[in-house]
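Each of the two complexes below includes chain A, the first together with chain B, the second together with chain C.
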Partner chain A sequence: MQIKPILSALRRHKAGTVLIALQIALTLAIVCNALYIIHQRLAHIAEPTGVDEPNLFAMANLWGEQYTKEQAAAKVQQDLATLRQLPSVADATPTDGYPLRGGGWDNFITMKPDQTAKTTDASVYVGDEHFLRTLGLKLIAGRDFNAGEVQNMGLRESTIPPVTIISKTLADRLFPNGDALGKSFYSMSSTPTTIIGIVDTLHRQDVSTWSAPYTGQSLIWPLRLAQPLGVFYVVRAKPGQLADAMREAPKALYAENRMRMFPAKDGLVNYQQIREEAFERDRGMAILMGIICAVLLAITAAGIVGLTSFWVGQRRRQIGVRRALGATHRDILHYFLTENLLISLGGIAIGTLLAFGLNLWLVKTFSLGFLPLTYVLGGMVTLVLLGQGAVFAPALRASRVPPIEATRPA
Partner chain B sequence: MSMFVYYLGLGWRSLRRNPVLTALMVMAIAFGVAASMITWSVFRVVSGNPIPWKSSQLYNVQIDNRGPQYNEPGNEPPDALNYTDAVALMQAHKAPHQTMLYDIAPSVLPQNANDLPSTTTGYATTADFFTMFDVPFKYGSPWTNADDDGHAAVAVISDALNQRLFGGANSVGRDVTLDMHAYRIVGVTEHWDPKPRYYDAYDNMEFANPAQVYISVNRAVDIHVGMAGRNNCGGAPAHFSNDEQWLHRECAWIPFWAELPTQADAERYKEFLTAYSAEQQQAGRFQWAPNVRLRNVTEWLDHEKVVPAESRISLFVSIGFFIICLVNTIGLLLAKFMRRSSEIGVRRALGATRREVYAQFLMEAATVGLAGGVLGLLLTIVGMQGIGLLFEPDVARLAHLDMSLLLTTLIVAVLATVIAAFYPTWRAAQVQPAWQLKSN
Partner chain C sequence: MLKMTHLSKVYRTEVVETYALRDFNIDVKEGEFVAVTGPSGSGKTTFLTIAGLLETFTGGEYHLDGIEVSQLDDNARSKIRNEKIGFIFQAFNLIPDLNVFDNVEVPLRYRGMKAAERKERIMNALDRVGLASRAKHYPAELSGGQQQRVAIARALAGTPRLLLADEPTGNLDTQMARGVLELLEEIHREGATIVMVTHDPELAARAQRNVHIIDGQVVDLAEDPRFHTAYTAAAGQIRG
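Our next item is the complex of A and B:
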């Protein structure tokens, strides 16, 4: 196929050509970035928590009365005994939060006591000797806490326990040589805390972008919250009995002591609900970007169909002349397909620049990641195929123009 | 006027002549404008000024109480004050009005002994809070500065809590039991819920449910009413082992606001803050030069990045989408107008001026825009039902359909289409009457 006559024909339709190319360019820029946003959000949603999600639920237990540290500790112990006795419950633990709760407690970590700049940041979980078993965490090195190590923690007590269990991600971050077990670090205190165990995966409580650089970095301290405000209970139901356990647990706790509150929001939630809430923003973003991509591609395709149809209508006579001079159906079809390919390639060239430009701006303004080349390549292929697909019907119509058209006035 | 109607009629007939092309344009505009309007409906709330008549007179105060090594980039001090500094600024009383506050979440005991206690949220604050932030009252009034000085057990409750506890009756003078302590109710607010909640952006409460209860901070500290908000001790070792010690350490947790009517007042107040910090440096408490910030409401909302990134990105992407739809429309209009070259030629030959051709084709474009706007309006209404899928509930429930959004949708659709039509119309007006007649 000769490209030169196509180019000189396009020069006579500058406006239309530029408009289609521009539309393809803008579409490429937006679709690449939107797809990348979708990918990032879905990856975030898919992050593993490391806990036995199908059988877990959490209760935010706020006290209706003001207890001292000792009273609160006794109440918590009593609650735990009640929960663990329930036929549908496998185990329970008192804690300050759970993976994906959002926000929560986190501490700066340093390697030396007098170090002022942090080495990194860890999400802080506290719990008793049932914590690992309740959450279903996988201990890959060292040992679990024993009952003797668990201390009560009153309001505003900043005591840092001498022992800790940390996630593998945090262990690897602090001790890249893989020899974290038995080593110590500091966490906003002048006394060290020693790593006695490492668990495979334990997601942070926080899911915001602030936490992104510290994904998967968590530590557990053997502390039982004994505070006037309240405590979280994480409860593991026996397999298949989650619904029963979620029904029985609050009833049993109220029966034991009614001066307590489970707030309407997050008072009693299973992991399906926790996940839904944690990733609301991400899911919404993915859906919106998905809708926009789909409609955008449809509209761009429709635009190409519309303009090409117009061109075909406008050039019926010229097509007739070419046919009369011996051009086959196939030649005419190829002519329009090639024309569209040339315009698409032009649009894609500009669109690639726009895509990276838009990405740079998103990186700068919203700390989005850098757009991988594969997305742009994928976008290019998609748009070329879209263009060729859109132009096919009008091109086919053009190829059916009879040579007799050459004799008719325009 | 008659020409207007004539062109409208011409436009309508022309649109019916190419139903597919017309439908394409109308749909492109409708989708573009609907996507932009749905994301705009969220953006306008989250980026709005919650107190426009006063936002340049209310200032958030920051004081560097921990030193540069613990500060955020730009040597940015903590976003809230510690107790020591907050109390010192309250006592200095250098602004006409100033207030400190912290988040509380006390249990409220029901009037009926058989009911279960329930949760509330609110603030421990001072009398000036209500005048500074223009809180409307249904019954009673705020407590007084004398109540603050006397550490009085007084409370203001919201209309919603008043409804829950007293069935909506005037409860001024009655008692409310919070965390097992009794408080005398001095006032009941009207429904009051400024969005974003600028005065507590520190605790990320910008879009939270309205506060239900307010108590005097001096009393709250006396009896250790738990702080339910964000406690930022920075990276420094904490050095406290109970509530009392924590109160006097360098943890930041108290948003502090000053009302400063003029720019000069604000400058004077900043000088005062600097002098205060210098004093602390001389006394040996701060080992660094004074480092303070004074930001008014809009600056503060900016600094706290109150507008969710998601809301911004989706608005920008939607506008980009709309622009593509318009480019699409330009192309289609061009095709449509140029197809009628001969008609234009005839009209021009019969004496129509360029201006009249302009009027006719812009009018036709406006018809397309109006149709796109109406369809876009329907899509916006449908989209608003599903907005909970796209944004988190706290933010999604703020977005609502009102007359101004409906009007904006229509106006934006028509205006954008008319602007998009300028180039195709200009091309149409260039048609040479003689040339067209000849070729026929």
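Our next item is the complex of A and C:
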């Protein structure tokens, strides 16, 4: 190995060496963190909702007339009957929202009526006795709501039903011993609500960063919205008939009552559209980070190619002298590969510190998770390979410098 | 030690062929100190680069230390350069990024020699040229004469069978040139074979034997009718 003389030579070319090492360091720091952000965003995008996404669609139904609570309740019941009798529809339920819709209703959960600090936070869904069946939720303990338990809920009413069905994530959070069924908790009220059922997975409506610690913590109350503004209908199509159901449902509802509208934005959406809308920013961020990584890696590779090409041109005579003194093609190739490896290792050492420093700042500022070591190790390997790949062509050119070059005039 | 028979070197372009060496014959015995002289463009540097395996030749034969070199691949030629030949260039050709010690070490590293042996050889070679105390200096910190001594140390450290010197004093003033020449003579007295290209008649006169090259061929100045008159006159002047 020629490490000592190479280091000695590099000390005489400090500017270029330091610049490339710093470029490698910055690239490592940024790429590691960017890849981690991409991973987190992709994991977020892939989170399961627990509902039968391929067969579901949602309708935002806005009334065209001002109804009283009773009138609205009757209209909703009528709509549901219409929807449920469509040949392409398996079931339908009225609700305040659906997983990944964004926003939604969140309640603090406490274990005692006089508790001042929340135990945790839960996303609240309201629905009738068809809610579980329509969304395709998997009941893993207890029972479903029965029709008698479902109450109508008017505008500005704060109804806390005596029974609830909660997600397993929330059950485990509230009762880590696995004995949640039959237990009670309080939800922004001094009236307890008892857990009668537990479903396997039910994602929150909200997908924004703040709610990440509560992802999967959901509860369902047996309430039927009877409000003057409108209601969401979630409709489950029979397998393979989603398109038919989405075409037939609005027609059927309009036929029954023209005094309504389905807004352009979310008046009629399937889960593919819901997912795309919900994770648009995550996908955009992942793509942006990916582009940043690619550009940085390309710039670093170009920098290495440029500097090495310059050095090869500058040292052409020196390479000829080495060849004259007995260096083979391979010796010259190894020289430049080793030289790049040493610069890369220097850059990587600094870059590792920078990567963790940048991550700490991101953790403090944007609540990003702690950077796993595997990302840094992966980044190190990538940059070493990138450096060796980038230096190979100029190094190969250097190895082809003939020994006669030693005798050419300087 | 070095024998070229009917050797030729032709540079070809699309329109013209130029003979740098033509029917070139030379035989240097082991332990000889031969000076190769000739006017500019006569082919003496081409001879030296072919002799040092720095470039290939077009035709003929070249035996170096008993090995016919025309069929050797690049790696084998590198190995022979490294083990059998020591080069002393007019421009010294030290590597400016390396200090004196590291410069002398270059050919030894390519030989795969162990560090301890390398160090011993380097210090012996530097001691021999009187520069052991300058081992940590960089070439730019040395005079021209000292740089050429380092180059000689680099050539000697590998204990080559043949030393090839290309105008070794060409870039030096008279005093430094004298010192370098005395060093070469001393090395020769110790048994080294030296082939030195020069156009300095005074320097050539210090060699054991002179070989003159004209138009890519070795000529005997006393015998060649083209130069007979001029040679006789010049010899008369020197004798007178």
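A few comments on the model shown:
The rule is short, and it goes like this: the second predicted complex is superposed on the first by the 410 of 410 C-alpha atoms of A that agree within 3 Å, B and C clash if a C-alpha of one lies under 4 Å from a C-alpha of the other, contacts with A are read in each partner's own complex, and residues count from 1 in each chain.
The criterion applied here is as follows: contacts are C-beta pairs under 8 Å (C-beta built on N, C-alpha and C of every residue); 3 or more make two chains touch, one makes a residue touch a chain.
Note that the coordinates shown come from a computational prediction; the quantities given were computed from them, not determined experimentally.
Contacts of A:G64 after superposition on the shared chain: chain B is touched, whereas chain C is not.
Taking chain A as the reference chain, the count of touched residues is higher for B when chain B and chain C are set side by side.
Of the two partner chains placed by the overlay, neither chain B nor chain C lies in contact with A:N146. When the shared chain is aligned, chain B comes close enough to touch A:I37, but chain C does not.
Once chain A of one complex is fitted onto chain A of the other, the partner contacts of A:L19 are limited to chain B, with no touch recorded for chain C. Using the contact criterion defined above for the overlaid structures, shared-chain residue A:R322 touches chain C, although it does not reach chain B.
In the overlay built on the shared chain, the residue A:Q273 is in contact with neither chain B nor chain C. Put simply, chain A uses residues 409-410 to touch chain B in one complex and chain C in the other. Listed in rising order, the residues of chain B touching chain A in the complex are 20-21, 24, 27-28, 31, 35, 39, 69-70, 105, 107, 109, 116-119, 179-180, 204, 224, 226, 228, 233, 235-243, 245-246, 308-310, 312-314, 317-318, 320-321, 323-325, 327-328, 330-332, 334-336, 338-339, 389-393, 423, 427, 439-440. Interface residues of chain A, counted against chain B in their complex, comprise 15-16, 19-20, 22-23, 26-27, 29-30, 33-34, 37, 62-66, 103, 108, 110, 113, 116-118, 154-159, 188-190, 209, 227-229, 254, 258-261, 263-264, 280-281, 283-285, 287-289, 291-292, 295-296, 299-300, 302-303, 306-307, 309-310, 313-314, 362, 365-366, 409-410. Chain A meets chain C in the complex at residues 2, 4-5, 8-9, 12-13, 317-318, 321-331, 402-404, 406-407, 409-410.
Partner chain A is touched in their complex by these residues of chain C: 45, 48-49, 52-55, 74-75, 78-79, 81-83, 87, 89, 91, 93, 95-99, 102, 105-107, 109-111, 154, 166.
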